[in-house]
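We call the chains A, B and C, going by the order they appear; numbering starts again at 1 in every chain.
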Amino acid sequence: MPEIALTAWQILIVKVLVILMVVPMGAIVGGYAEHKVMAHLQHRLGPMYPGGFHGWATTLADGIKFLYKEDIIPDAADKRVFSLAPAAIMVPIIMIYLVIPMDESLVIEDLDVGIFYLLAISSVSTIGVLMAGWSSANKYALIGALRSAAQLIAYELPVVLSAAAVAMLAGSLSLVDIVRAQDWMFILWPPGLGLALFLVFVTGAIAEMTRVPFDMPIAESEIITGPFTEYTGMRYIFSHMFAEMGHLIAFGGIGATLFLGGFQPIVPWEPLEVIPGIVWFLLKTFFMIFLFLWIRPTFPRVREDQLQKFAWKFLIPLSLVLILLTGAWVLYV
Amino acid sequence: MAVTEDRGLADTNIDGVRDSSDVAAEVSSGKLMTEEMILNVGPQHPATHGVFRLLATIDGEVLVDADPIIGYMHRGYEKLVEARDYRQITNLVSRMDWLSGINNEIPLHIALETLMEIEVPPRAQYLRVAMLEMNRIINHLMFFASFGAELGAITPAFYAFREREDIQFALEMATGGRMHFGFFRPGGLKEDVPRGFFAQALKGVRQVIDRLPDYENLLIGNEIFKQRTVNVGVLPTDVAYNYGVSGPIARGSDITFDVRKDEPYLVYDQFDFDVCSAPHGDCFDRFWVLLHEVVESAKIVEQAIEGMPSGPIMGKVPRVVQAPEGEVYVRTENSLGELGMYLVSDGDRRPYRLKIRTPSYNNVSALPYVLKNTFVADMIAILGSFFFVLGDIDR
Amino acid sequence: MAVDERKLEEARKPGFGLGLLKGMAVTLKHLFKHNTVIQYPDEKQDLPARTRGVIALKEENCTVCMLCGRECPDWCIYIDSHKETLAPKREGGRPRKRNVLDRFAIDYALCMYCGICVEVCPYDALFWSREFEYAEYDIRQLTHEKEKLSDWMATVLPPPPLEEGAELPGAPAETATAAGAAGAGSAQRPSSPAQDTAVEERPQQAAKTPEAAAASAPPEALASESQRSAGEVQPTGAGAAQAPTEQKSEAAVGDTTTAEPQQEIGAAGEQSDAVKSGSERTPSKPERKEAEAAAEPQGAGGSRGGEEPQAVYERVLQEQRDRGSSPQVAEARAKVARVKAERGLRSAVAPAPAAKPVPSAPQQTRPSEPESSGAPEASGPEPEPGPVAPTEEEATPAAQSEAEEATPAEQPQEEGTSPESPEAGASAAPQTSAEDPEAVYERVLAEEKAKGSSDAVATGRAKAARVRAQKGTKGPGG
């Protein structure tokens, strides 16, 4: 690499630009993937026309369409809160990307407390959802927002606990170190235990993303996208679609980093290391995203009380037990 | 608690945790009561299949009270038909319950044939039965699809629509229509079916049967689906009787009443089929009955086509269809329940009065009872499992 | 109690996640399955013939009896007419009155597609077409006037054959005779109802239209056109009798543009009288049937001498475009042609080289034969003999175009031209003439004008004829 001397400010600007690019691009790609994967799972083709080849420009066209839509703010809405809510949802999601290592050195900021930061920031957007729901002056939005908050509290715990177990296994809170610790992916090794942690993480992640089967807060056949009922145009994409996709890809990346060995090859074998780390990372992220997309059309959604019951009576105790087992593994194996 | 006892249900709890009605009862009995809020569900709402409105009083997530409001789609069929002759009525009544168009035509024609004393040739009867049952399959698959979609599982909808298509195509081959067939005429059929119809129909129904296991795996066997439907929205047998509920919903509440069996019309008595019923009266049982009726209907279609007699498809009908003075009540098993038509004729080419008893109207009247003390999410499941068509309610 | 209670109880029990996995297996299975989606604007479903898509009006058949308008449940048919007094047919006869259709419109914004109008029409003037792509941005344009309704006529398919065990409508006896004459196996031929209809239709039409047509067009031109349309059929492959058959079956569908002229012939000249008699006289029927029957096995066997259905489609589409039809109509016509090709209803139309030499081709003058079913074109230096199937008069535009395509005939029929029996004509593959394309253009234009076609149509047809002439001259057959 040629030596380019950049000041700290310039580096910062580049980083910010990259992040700002990644999220919308990711949303576009993720949205397309969702359209197509779901369509094929459902025995249909999905969008085929926009852009020519298999409708690759669908989500782009969608986004542009939303740009042109009128931005309606209901009369009775709390206007400032209402218009701030999309930002409050979107910004924390963008910030997740800060710490995810795409390759050994391809990470915006390798924080020492990366995993801690990750878990903290990923739940902040719920505040935005609450803001949106409350300020919309709509009963459906209110129900949705409250469901969303309740669900976040319930499902943040299993995610945190499983991530904590990963940190214990790796012996570090830095995501890069966690990846380096995975000569064998954590999902495979420790055997069984890693898989169980992974499943707990996936369940919690789906609930945090409010995707089927845990999409009670936005259940469109019931409370019509919940907190976002009153949103239109750009605000709607930011609060709902970009947020959903941003979340999806972020959690795909987190899952790939924590359990699938991030930028490491799938097995520690010399020839595989020729392939650059970012390819491995992207492959694993796609796998995670496919998993999320696969679950979505297959299951019905659970009811709010069942969801809470499942979290508090099953998932959290299970993850506590898993933490215990992990501790034992770390100590004695 | 009181509510549960009223319904005469034992604690049929499945996972050791109190089920929704218990929690709901606790809320309404005051222990967890908070401020009530009125939630207006509909008239434009994805779960109401059209313009159906539900005025729900909710306390948090619990429906304390629900008041269905209908009439947004009232088109005045009973008055419309008084100004039209019978052939025109055929095409009008098929638009009441648009999902089972041809099933709506049959009571009118049986009524006319009874009044005019026309004998319908066997081939026409068999063709009628085959088409009625194909239409029933289409209808049931539609509700199967929408029920899944309302619970959040969108995939069965696409599979079901794929299966519908073949049967739909067969019906289109014969009648030219996809929803409103207008194929029956007093005394028989409009014309005979085209070549290839039998093959297409058989292909369609067999395909449905072949693919039912997929559906069962997707929904019936799914734990989440069970959680959402088992013991949710229980309609006890006596309540079902009192509200005059019929069709798959009544059969889901252990009422083995099916006009096809109990009061056979056409040639239904010549076919071997069973009346499905299930004892619990909850969403799951209604859905179960719906799915198994598809199998029974497919059986009838196969039998009808295999035993299809040849011959004419029209009886001896005067050139002008004119029912003689008199009155008759005919009831048939529509896809959603008992469809009755009370035809009063004064000897004109038009009916003097045609009273239509539609299944959905009676069925939804039981909704307030079932919806009381359930969750908002259950409301969707219950609405979905009550299999109603708005046009059929409002006429 | 079909529901097995034990099974039900089993199904109601909560599971332990196995059901979830099974569900995921189902969706994953579908991920790798081949898709059944029809990509609508690109591919279109082949809808059944009975599909109630749009109502087509065969204007010539309408007698303004108003039955359709009266029976319509939502009164969306608008009909205007006036009475016209016509000169008596024979000297000293009584002047006759006749209803002339001024307006026939269907408001598709109101129409409920019940099909009662089609059903009640006693004169077979209304048909269902399976076209459905006529959505408009302006609701007023959904009211289709009679011109547009007549345009749809080109897309009407013949009624489908009936399922086994059905009582055949129409004239089963006749079919039987024909079958008997032709030999075994042909009685089942599905297309027969359609043809019967066509046959039945004729007399009515003949009764109705002569006067009007007489007024509008010089008989010679008409005759020539009709002859040409009959003449250019080129049997490409096997069955000798195929040519007449094919066209005839198309006649069942019936666009009547050519029909009128032919009926005119009777009144016009002696010779054409022969044509007419040939076509209408009962004795000729069996023969035609026979011819048909002979052709059928071949058609049914799929070994059409002619083109692949898809090729037919492409070609007709191109022709229609050349003719200046609207894309919609062109496509529809092409589709109809394809369907017919698939069903084996027609072949004949191959523009491609005539497969057979033409022994009996130049027949300048011949004594007319009473049972002849056609009149060969005999006029010009380039003789154009071709079996004329009598009922072909109403060929669909598609058919028509094909028909026109082959041989630009030299000139209107001359007196003394003799009709040819199908047997004789069968062996004679009609050829394309070597007429100069430009000349063809002029001639066809003149003819069309004479027929009273609108300018656009006339030019369109003339151009098409020219194109065909150009092609034809290149073809080995010419």
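In this section, contacts are C-beta pairs under 8 Å (C-beta built on N, C-alpha and C of every residue); 3 or more make two chains touch, one makes a residue touch a chain.
All values derive from a computational prediction rather than experimental measurement.
Engineer: What chain lies closest to the overall centre, CA atoms only?
Structural biologist: B
Engineer: Pick the pair with more C-beta contacts: B-C or A-C?
Structural biologist: Per the contact counts, B-C leads.
Engineer: Taking each chain's centre as its mean C-alpha position, how far apart are chain B and chain C in Å?
Structural biologist: Averaging C-alpha atoms per chain gives centres 43 Å apart.
Engineer: With chain centres defined as C-alpha means, what is the inter-centre distance between chain A and chain C in Å?
Structural biologist: Inter-chain centre distance comes to 62 Å.
Engineer: Give the residues of chain B touching no fewer than two other chains, as numbers and ranges.
Structural biologist: 155, 159, 162, 218-219, 222, 224-225, 227
Engineer: Do you know which chain A residues sit against two or more other chains?
Structural biologist: As it turns out, chain A has residues touching two or more other chains at 41-44, 297-299.
Engineer: When you check chain C against every other chain, which residues touch at least two of them?
Structural biologist: In chain C, the residues touching two or more other chains are 20, 23, 26-27, 30, 36.
Engineer: For a test of understanding, state which residues of chain A touch chain B in their complex under the given definition.
Structural biologist: Per the touch definition, chain A meets chain B at residues 41-44, 139-140, 143, 212-213, 215-216, 219-224, 297-306, 309, 313.
Engineer: Under the definition above, what is the set of chain C residues touching chain B in their complex?
Structural biologist: 1-3, 5, 8, 11-20, 22-23, 25-27, 30, 36, 47-52, 71, 73, 112-116, 119, 128, 159-167, 169, 190
Engineer: What part of chain B is in contact with chain C in the complex they form?
Structural biologist: Contact set of chain B toward chain C: 14-15, 84-85, 87-88, 91-92, 95, 123, 155, 159, 162, 169, 172-177, 180, 182, 190-198, 214, 217-227, 230, 256, 273-280, 284-285, 288-289, 292, 295-296, 308-313.
Engineer: Can you check the complex and tell me which residues of chain B touch chain A?
Structural biologist: On the chain B side, the touching residues are 17, 20, 23, 37, 39-40, 45-47, 61, 148-155, 158-159, 162, 218-219, 222, 224-225, 227-228, 375-380.
Engineer: In the complex formed with chain A, which residues of chain C make contact?
Structural biologist: The contact residues of chain C facing chain A are 20, 23-24, 26-28, 30-31, 33, 35-37, 39.
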